[in-house]
Amino acid sequence: MDYPLLVGIFPQVLLDGIILGFMYALIALGYTMVYGVLEFINFAHSEIFIVGAFVGVEILLSLKGAGLLETLPWPLVLVLILVAGMAGSAALAVSVERIAYRPLRAAPRLIPLISAIGVSFFLQDLIRLVESVWRNAFNLVYPTMDVLNERFELTSTLDVSVKSLVVIVAALLMLWALHAIVNRTKVGTAIRAVAEDQAAASLMGINVNRIISLTFLIGGAMGGAAGVLFGVQYGLINPYSGFIPGLKAFTAAVLGGIGNIPGAMVGGIVLGLLEAFAASYLSLLTGGAFGAEYKDIFAFSVLILILIFRPKGLLGEVVRERA
Amino acid sequence: MIHGVLAVAMVALSAWAVATFPRSVLVFLLFQGSLLFTYLARIPAWLRGALFAVALLVLMPVIGYYNGYYLEVATQVGIFVALALGLNIVVGLAGLLDLGYVAFFAVGAYTWAIFGSPQANLIFGGGAFPLAPGWFYPFLLVGLLVAAGTGLLLGLPVLRLHGDYLAIVTLGFGEVIRVLANNLDKPINITNGPKGITPIVRPPMPFGLPTSEAFYFLVLVIVAVVIVVNRRLEDSHIGRAWEAIREDQLAAQAMGVPLVRAKLLAFACGASFAGVMGVVFSAKQVFINPESFTFLESIGVLAMVILGGMGSIPGAVIGATVVTVLNLQVLKGLSLWLNELKNAGVTVLGYSLTDLPTQLEPAKYERMIFGVILILMMIFRPQGIFPVRRRARELER
Amino acid sequence: MAALFEARSVTKRFGGLTALSSVDFALESGIASIIGPNGAGKTTLFNVFTGLYACDEGSVTFRQQSLVGLRPDEITTLGVCRTFQNIRLFANMTAIENVLVGMHARVTLGLWSVLAHTAGFHHTERRLQARAEALLERVGLRRHANDVARNLAYGSQRRLELARALASEPALLLLDEPTAGMTQGEAGALMRLLRDLVADLGLAIILIEHNMRVVMEVSDRVTVLDHGEKIAEGPPRDVQTNARVIEAYLGTRARERRPRAER
């Protein structure tokens, strides 16, 4: 076995894992917040996430078409697409809740879940339809800005691109902002109250419907931000590319204890790291017999194991069903 | 009385129309509509049975003689009916949302594909494979057992999970099976990866029937068996225990239903139907690859069950028929029609259809169709088109 | 001779809260009632008895066999069955189907008999059907056999739950507030029915009840719980005059009189 190689790639894999982990963490927040309030898996969140990426790419492409991409300062462009992506995803998340979930709130639990699966599928093809009419394309490439592709060599085995730094900084800012909103504002208190006990919260004069919409709005915005960062980092998106990251992010949310906001962040980063290491080391460790293509299986196995042995996740408490 | 006459007339008329206009999709839909009418009409059971027998055993093969594609559609419908009935046990009766159901179909399909093709030589060495065509029939049972075993294997660890977690885990399992099929071409070549397996041996055709007719009848027989099995399970203490679990699993357990065992049985039964159909599917297609077993297929089957009505056997049959026909005929028909309009250079409201992007093809928007079905059904009619009718039990006086 | 059912020093904690602390309980035959203010631990005790909760300490035995660690369905199969405080019928199934599910533990047919419709299957189904009808008759729901459970009136739902529990042929029946929501007349009829069941089938019954008139009338023995502890036990008349009970109870009497939230 090639030990120097194994050790040598370690820092790079660690960095990749952290970036991926932040991405998962941002998406996982949407799942976990909605679950916290409604006890419901918003299956369509993966599409809400990828819509953010599409809003971002559309803006970049129009800027490029107008020749503005090179002339505008790049931080401005980044902020612009980030805000627009968040707004787009948030608007979508709120509308989806209003149309497809709210009428089903009193129904048995499987009913809204099935509706959410329907929304997910519907949105995938809706995006595809819109893109095929509008751009006659399936895959879209994020136009690059030269600055973002510059790389710093930190050590002989580790270099960091500007865009990776941007992704990390932006993700950290988002997570901090969310933390502040949930824990330091009145709105955040209301969200936590609704998550704790809807009936009691409404007796305390909290407008539960508004808070639920708000939860979707915030979760959607986080997903949208993740979408834009996903596009910036990985470059290529298509209408179906939200699905697998969405599923992984859900795994991350479960890993951290679903409904638990810090849990989603921790779970995201843990899963990102696990996956990055699996992707890089599986092939090396098994002599090429099993390669990076098994990383999805690895992630799902993690999910299954967690659910069996610690169903409330790493940070969640175990709650029993009442007779 | 009037219903009986109408039903007979409709079946006869539409069958004649199909034979006369073998290319028209609308006419074939009319034929299917007449069968639906026969099912719903207030006519004596013997007449209904006779009409169905005539339509399915005689008219359909004759129609297939004029237009082979219709027989293909009917066979596909049959395959999906069996899948929908299998999923109906798991989701409809026992209330366990399985989002990876197509994995069991894949397991069955690969079981025959590997041994009914030279593929097995790569695993075991030598040149003993493919097996002789006659082995296909015992392999129906092998496919059933392997799929049921896979169901048990998955079920054992995960069936303790709560509803929505179970859904996600089964989804993950479905993906795992697909990824495995995609990648197990090394270190040992078991599935031949994304290239798929071909040629797969077809069974010897009884009575010298042509291939497509033979598959049609084979599928018909299996569907009939599946329906009988489904009904018998439903009308037994096993089916009642499943429904009780769906209604309130804690109360069911308190009434003496062993939860894990009952759920495992539901999983295994559902899986076994898919396994058998997988074997048939791989022989019929001659070629299979992982693309036939995606999440999309699982959701498609789920949409069939939900459209028809969860827990309802006629519902599953009709849901499977409607969705398959929609996919294979209506949307394809629309695509063709749109293409013709495009080529003819038709303009709508000043917009020339020639300018439509080539990617815009209704037949390729299955996801949207499934999505709309799921959302609308959940909001407006969660019990489905043909909700379960609770059969009144005859009381002794 | 050892009792039919015996629980010794049962203790159950939820996090820091001790819901039951060292409760002893035994029953040989007849009807025993468990009373106590809300939150005294009565339903928790039932949940421990029927295997929904595992107790932290103590032992529960039925016919000299330990029930600790058994699943609820295994306990039902042994002959202990229950009803629920907040009725848990199979809402979308008919009344008779609910009762038939209750018989699940007594059906020994295998998968093959069901699929092949063997003679044994038909015979069993006929027997189950006849028994289910008899049970519905007994609780006065024969007319409603084919009605979907969720459409039944409240009192009927309670009686259906009783029939469903009886269907499992229990030797010990645990009823959690069976008369809640019933009129005094309905409650009286139900109690007569319970008395008859004890007389006819030799059934032993443990009741959780708030309706004091019912408790005093029907019970052979009354156990009083307060804050998870047994504070008194004995014949109804003795318990009624027990100073500790009066103190525990009267202190909360005013609360008891208001309609309870769980309805």
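So that you can tell them apart, the chains are marked A, B and C in the order they are listed, and the count of residues begins at 1 in each.
The rule is simple: a contact is a pair of C-beta atoms (placed from the backbone, for glycine too) under 8 Å apart; a residue touches a chain by one contact, two chains touch by 3 or more.
Note that the structure is a prediction, hence the values are computed from the model and not measured.
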item: Chain occupying the most central position, where position means C-alpha average; value: B
item: Most remote chain, CA-based centroid, reference being chain C; value: A
item: Whole-Å gap separating chain A and chain C, where each centre is the average of the chain's CA atoms; value: 48
item: Rounded Å distance, chain A centre to chain B centre (Cα mean); value: 34
item: CA centroid of chain B to CA centroid of chain C, Å; value: 44
item: In chain C, residues with contacts to at least two other chains; value: 52, 84
item: Chain B: positions in contact with at least two other chains; value: 250
item: Set of chain A residues in contact with two or more other chains; value: 323
item: Footprint of chain B on chain A - complex, ascending; value: 40-41, 100, 103-104, 107, 109-115, 117-126, 128-129, 132-133, 136, 138, 243, 247, 250-251, 254, 289-291, 293-294, 296-297, 300-301, 303-304, 307-308, 311, 321, 323
item: Chain A contact footprint on chain B (complex, rising order); value: 95, 97, 99, 157-158, 160-165, 167-169, 171-173, 175-176, 179-180, 182-183, 186-187, 250, 295, 299, 302, 306, 356-360, 365-368, 370-375, 378-379, 382
item: Sites on chain C touched by chain B in the complex; value: 50, 52, 71-74, 76-77, 81-82, 84, 88-94, 96-97, 100-107, 109, 111, 114-115, 117, 121, 125, 128-130, 133, 142, 145-146, 148, 164-165, 167-168
item: Residue ranges of chain B touching chain C (in the complex, touch as defined); value: 229, 232-233, 236-238, 240-241, 243-244, 247-248, 250-259, 265, 390, 392-393, 395-396
